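Below: a set of structures, written as C-alpha cells.
Okay, so subunit A shows up in both of these, paired with subunit B first and subunit C after.
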Partner chain A sequence: MAARMQSRKSGFLERTTASFVDALEHTFYAEETARAHGLLQRLDPRVKLLGILALIVPAAAARSFAVIGCLFAVTVVLAGLSRVSFSILLKRVWIAVLLFTGVIALPAPFVTPGRALYQLPWLGWTITSQGLASAGYLVLRVETAATLCVLLVLTTPWNDVLKALRVLRVPVIVVTILGMTYRYVYLLLQTAHDMFESRRSRMVGNLTGRERRRVAASSAGVLLSKTFDLSSEVYLAMQSRGFRGEVHILDEFRMRRFDWIMLAGFTLVSAAAFWWGR
Partner chain B sequence: MSRTNSNGTGQLPVYEVCDVTYRYREVTALKHLNLTVNPGRRVVLLGANGSGKSTLLRILNGLCFPDEGNVYFCGRPLTAENIESDGFGLEFRRRVGLVFQNPEVQLFSPTVFDEVAFGPLQLRWPDGEIRRKISETLEMMEITHLKDRSPHHLSMGEKKRVALASVLVLDPEILLLDEPTAALDPKSESHMIDFLVQSKGSGKTIVTTTHDLDIVEDIADDCFVFHEGRIVAAAAPTEILSDVALLKQTNLLHAHLHVHKSGALHTHPHLHKHES
Partner chain C sequence: MIAPGDAEAKPRQMPADSLSSGGDRQRNPIYNQLSCLADNARSFIRVNGLMHIPDGYLSPSTCAVLYASAAPFWYVALRKTKKMLFTRLVPLISVFAAFSFVIMMFNIPIPGGTTAHPLGVAIASIVLGPWASMLALSTALFIQAVFFGDGGITTLGANCFNMAIVGSLIAYLSYRALAGRSAITSQRRVVAAALSGYLAINCAALCASVELGIQPLYFKSATGAPFYAPYPLSIALPAIMIGHLTFAGLAELVVSGGIVAYLQRANPSLLRFSAPGIPLPQEEAQLVTRESGWRTARPLWTAVGLLLVLTPLGLLAAGKAWGEWSVHDFSSPAARQEIAKVSQNVTPPAQTPSGLERLSTIWTAPFPNYSPPFVRKPAFGYILSGMFGIGIIILLSTLINWLAAKTRHGPPGAHTRAEET
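Then we have the complex of A and B:
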C-alpha cells in the first residue's frame, strides 16, 4: 500500500501516513507468525518475555565475542524452531541494524586509542585493534538484542506481550492504556489515510508548497478534533459498563511443565553467558 | 428522595423522565421532555437524525444529566451523585446496559474476549463466573470463533454483535440500544432484528432508538416519536405507522420522484431507511 501511495506525487504527511500504515501492515504479518506452531509460540508469554530479557542482558554485558556469538547462534536457532523467516530477519533486522549501528560505530576504529592495525592511504587515519573490537562489540550486541526483541514480537500476539508486562510489575493501568493505544492507532491511521485519499480524489493539478502546508495543518487539526471526540465517547462507553477509574483485567496465562523447563533453560543459558562473558 | 407512585400494576416505572431539558452549549437537544418506561416493555424512540433520541438514551444510562427537570430510575433520582455512589452506581450499571450506535467507541479492548470481559471485571465478578458467562454469551451471539480476534479485524456486523455481547454478558434487565441496525449489511441486520424480536417475553425492558420504520412493528410495544427535541406522539406502533401526516412532519417519511415498472414517473410518500 505504501509503495502504491508513494508511486504518486505526495506530500510529507501522506508519505508519513503511508509509512505508518505500512508499518501496521507488518504487524498483521507478526500476528500471522504469532499463530504459527513453533517453539516460542507454545511458550507462556511471561516466560518468553523473561527468557528473552535473560538473554539480552548478558548479550549486552558480555566482554567476549565468543559468548555474544553463541547467544546470537542461540537466537538464530530459536528463530528457526519458531518458524520465523530468515529472509524477514535479514531484511528487517540484520541489514537494518548493521547499517544503523554501523554508522554509529564507524568512528570507533579511528578514534579509539590502541594498537595500530592499518593506516588509510591519503587520509592518514589509523585503525586500531581496540577500536575495531569496540565497533564489533557494538554491532554484534545490537544485532543479538534486536533479533531477540523481534522474535518476541513475531512469536507473541501484541496483546499478550502487553499482558505479560504485568510479570515485570508494570501497573494494570499502563498495560490497559498501551492496549487501547494499540487498538485505536489503527482507527486513527485509517481515518487520516481516508482524509488524505478523499482530498486527493478532489484535487486537480499540484498544490504549491504553501497550500500543501495549509492543508496538512488543517487535516491535523481535524484529526485532533476527531481524536478528542472519540476519546470522550470511549470514556462514556467505559463508564457505561461500570468503569470507575480503576481497571481490572483477567489473568489468562497458565504455566505448564514445558514453560517451567524452558524457563530453566533460559536461566541456565543466561547464567552461563554471564559467567563466561565476564 | 425516592418516588413511590406506581403505574397501576403495582410496579414502579423503570424510568420516569419529568420535564427534561438538555443543552449542548447553544443547541437545545431536548425540550421539556416527559416520558415513562414501564418494566418489561419494548419501547422504540423514533425520530430523524438530530431529533434528540441518542441524547435521551445517554441520560437514561446516567452518562449525562439534564440541565432542567428530573429522571427517576425505579423511583430513585438518576443524578451524578447517585451514579457515583458505590451502592446505587454499581447496581445501576449491573441492571442497565447501553449499546452505542458506533461500535468503534465501545470496542476499546485489544481482543473480543477482553471486550466481553470488561464489564464483569469492573463489577468485580469472580473469575470463574466471568469465564462461564463470557463463554455462554459468545456462543449465544455466535461469535465464539472471534474470541481472540482484535476488533480492527472485524466487519461492521461482527463489531455490532461483539458490542451487544459486551453488554449482554452482564445480563442487564434494561437494555438501551442506539440505532442497532444502522450501517449493517442485510444479514447482520436480520440477526439484530431476530434478537430484538426474540426478546419479547424475556422480561427485559428494551429501549431502542431508530429511524428505520420497517422494523418498528417487530421490535416495539410502545412508540415515541421525536421531533426537534420534543416528543410529538406516543402510541402503539401500528397507530404511529398509519399516521402518514405525522411521519412526514417528523421527516421519517417523504415523497420523491421515482419510476414504476410500468414506466410511469410520479411522486408519493415512501418509507425509507435513513442511514446516519
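Then we have the complex of A and C:
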C-alpha cells in the first residue's frame, strides 16, 4: 500500500505529460473535423464566428429554461449536420461540464432559500425549488455555451477563426500574435513533453517531495530559457524575410448566397432567443 | 510532430502505467477507463478551479463591465510594449504566451502529496514586466478559452481582468517592493518571487469570487432563483479563497520561487527587467576589476577621509607615542621619567644609544617635527604635514596599483588585439 501511495505521489511527471498529450490530441481531432464536409465547415468563417457568438450570448442571457433548451437543441442539430461525433462531444464537453459545473451546482438546491420541495430523509436538508432552478440554469447554460464554442473550433481551421476576428475589429497585430501563439503552443508542448519523457526515462525510484518540486520548477525554468531563445530565433527569421513590424493579413473570404442565408438564420434564432428569453 | 494516428494510440497508454506498482490495474480495462475518466475530471477541475470562469456563470452585464474594464489596460499594454519592443513585440509576446499556456498545464507537486496547476503570472511579470505580461497571459487565456474550451468566451474579459491584469500588476508591484535593491542572485529575490506569486493568484481569486458572489444579489427570478452563479458572497468568497490560499497559492509559490532560483543559476539575464539598475553577476565581476579604484575600496577611502579630518585631534593627545623618542629625550630628566612610565618602569639607558645618535644625523626630514620652517604656528604646521603625508601615501599606492595592473594585463592595445584574434 505504501509503495502504491509513493508511486502515485511521483506521478506528477506522468500527469503532466498526459495533459500535454491530451492537448495535442484535442488539436489533431479539431484539425480532422475542420476538414470534414459538413454544414458549418462550408460556411464562411466570419459568418460562423458571428453566428455562434450570436447564439452564445442569448444562451448566457436567457431567463427561461425553454429558450436555453431550444438553443441547446439547435446546437446539437448543427453538430449533427457538421458531422461532429456525438461521442466526442459527450466525452469532451457534456460529461466534463457535468462533472465540473454539476459538482459546483450540487449544493445550490440546499443552500438557496425558497419554497421547500423535499427533505432528505436522514440529513434533514431541504431542497428548495429556487435552488433547483438555479442549479438547472447554471448547468444548462454552461452546457449550451461550451458546446457552441467547441462547435466553432471543431468546424473551423484555427487560422480562419483568427482571420474572422477581424470582423469584430480586433487589431491585426493581436490576430497575428494569437496565430503565432497557437503555432508555438504546440512546439513548446512537444518540447515540454520530450523534457518530461526524458526525465522519466532517467528516473529510478521515487523522488522526495522537495526534489519533485525542484524538478518541476527547474523544468519550467529550462522551458522559459528555451522560450526566449526560440523567440530570438523567430525574430531573426522574421527579420530576414523582410518583417519590419507591419502585419498584413490576406483576406480571401468571399460571401456566397449560402453564407447570407445562414447569417440570416443565425440572426433570426438569436433575436428570437433574446425576445423569448427576456 | 506526432502523426495523428500515433496520437490516437499514445495518450491512454502514457499515464500511470510504467511506474504504477499495482499489476491488477493494468490488466483490468474497466479500471483503466474509470481511472482515466477520473483523472480527466480531476485535471479539468484543477485547471479550472473557478479561476477560469466558464460561460453562464456571470450575467452578460457583468461580462460587459469586465470587458470594458479590461479594454483600457489592453490598449495601454499594447501601446507600451510596442514602444518598448518595436518589431520584437510579435515574436516575443507570441512565444511567451505559448510558454504561459504550457506552464498552466504543469502539475506542480505541493506539500501534502497532491498537485496543482500554476498560472505563471508572477514569473511572466518578473521576466517581461507587467504590461507585456498582461498581453501574453491574455493571449494564452484566449487560446485556452476558445480553442480548448477552458473558460468562457463571454467571460473572457472577466478572466483576463482577474488573472492577466490584476494578477500581473499585483505580482510585479509586490515583487519589486519585496526584492528591493537586492542583488540579482540574492536569496531575497527567490522569496520575493514566491510571495508575489502567492499574493497575485490570491488577489485574482478574490476578484473572481467577488464577481461570482454578487451574481445572486442582482440577477434572480421573481421567485428568487438565481439565474447565474448561485452562491452569495458569504459562500463564494470562502469556498474559492480557501482553495487558493492553500493548493493553488502553494503551486504558484513553488513555481515562481523555483523558476527564479533556477534562472539565478542558469540564466540571470532574464531577471534583469524587474531589477533595473542592478548589475548582473558577470557584470558585477567586471565592475569590480574595472572600477577597483572606487567601488571595492569605498570603505577604505571613507576611513582615510575620516582620519584626514581627525588629524587635528593629534594636537590634543598629551605626550609622545611610545618609541618615537628623539636623541634629546634621553638627556632630559623629565623626558626620561616619561619614558620609564610608559615602558612599565623600565628605566631607559643613561647614555643615548649610540646607534640612534649616529643614525639621527643621516636624515633630516623636510618637515622636522612635522612643522615646516615656513609655517609659523606649530599646530597648523602639524595638520598640514599630516595631510601632506597622507597625500604622499595615496599617491604612492595609486602608482603601485597602476604599475601592478599594467604588468598583469600588458599594454591595453595588446589586450584588445588578443581578444580579436
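To be clear about the criterion, the second predicted complex is superposed on the first by the 244 of 278 C-alpha atoms of A that agree within 3 Å, B and C clash if a C-alpha of one lies under 4 Å from a C-alpha of the other, contacts with A are read in each partner's own complex, and residues count from 1 in each chain.
We adopt the following convention: a residue touches a chain if its C-beta (ideal position, glycine included) is under 8 Å from a C-beta of that chain, and two chains touch if they have at least 3 such contacts.
If you're wondering where the values come from, they're calculated on a predicted model, not measured in any experiment.
Student: Should subunit B and subunit C be called a clash or a fit once both complexes are overlaid on subunit A?
Tutor: Because the two structures are overlaid on the shared chain, the partners are seen to fit without clashing.
Student: Regarding the shared-chain residue A:Asn159, is it in contact with subunit B (first), subunit C (second), both, or neither?
Tutor: A:Asn159 contacts subunit B only, not subunit C.
Student: Quick check on the superposed pair: does A:Met180 touch subunit B, subunit C, both, or neither? Answer first, second, both or neither.
Tutor: Both subunit B and subunit C are touched by A:Met180.
Student: According to the stated criteria, A:Ser240 is in contact with first (subunit B), second (subunit C), both, or neither; which is it?
Tutor: First partner only, subunit B.
Student: Tell me which partner A:Leu230 touches in the superposition: subunit B (first), subunit C (second), both or neither.
Tutor: In the superposition, A:Leu230 touches subunit B and subunit C alike.
Student: Name the contact category of A:Leu117: first (subunit B only), second (subunit C only), both, or neither.
Tutor: It touches nothing on subunit B or subunit C.
Student: Identify which of subunit B and subunit C touches the larger number of residues of subunit A.
Tutor: C
Student: Does subunit B (first) or subunit C (second) touch A:Ile249, or do both, or does neither?
Tutor: Only subunit B; A:Ile249 stays clear of subunit C.
Student: Figure out whether A:Arg212 sits in contact with subunit B (first) or subunit C (second), or with both, or with neither.
Tutor: Once the two structures are laid over each other on A, A:Arg212 reaches subunit C alone.
Student: Taking the superposed arrangement, what is the smallest distance in Å from a C-alpha atom of subunit B to one of subunit C?
Tutor: In the combined three-chain model, subunit B comes within 6 Å of subunit C at the C-alpha level.
Student: Residue by residue on subunit A, keep only those touching subunit B in one complex and subunit C in the other, then list them.
Tutor: Comparing the two interfaces on subunit A, one with subunit B and one with subunit C, the shared residues are 31, 158, 179-180, 182-184, 186-187, 230, 234, 238-239, 243-244.
Student: How about subunit A: which of its residues touch subunit B in the complex?
Tutor: Going by the criterion above, the answer is residues 31, 157-159, 162, 179-180, 182-184, 186-187, 230, 233-234, 236-244, 248-252.
Student: Can you tell me which positions in subunit C touch subunit A when the two form their complex?
Tutor: Residues of subunit C touching subunit A: 1-2, 4, 7-8, 10-11, 14-16, 18-22, 37, 39-41, 43-45, 48, 50, 54-60, 63, 78, 82, 86-99, 101-103, 105-111, 113, 115, 120, 123, 127, 135, 139-140, 142-143, 145-149, 152-154, 216, 220-221, 223-231, 235, 254-255, 257-259, 261-263, 266-267, 270.
Student: Flag every residue of subunit B that touches subunit A in the complex, lowest number first.
Tutor: 58, 61, 63, 84, 89-90, 93-94, 97-98, 100, 102, 104-111, 113-114, 117-119, 121-124, 127, 130-131, 148, 150-152, 166-167, 170
Student: For the complex, give me every residue of subunit A touching subunit C.
Tutor: On the subunit A side, the touching residues are 3-4, 7-12, 14-28, 30-32, 53, 56-57, 59-61, 63, 92-93, 95-97, 99-101, 103-105, 107-108, 111-115, 129-131, 133-135, 137-138, 141-142, 144-146, 149-150, 152-153, 158, 161, 171, 173-174, 176-190, 192, 200, 209, 212-214, 216-225, 227-228, 230-231, 234-235, 238-239, 243-245, 247.
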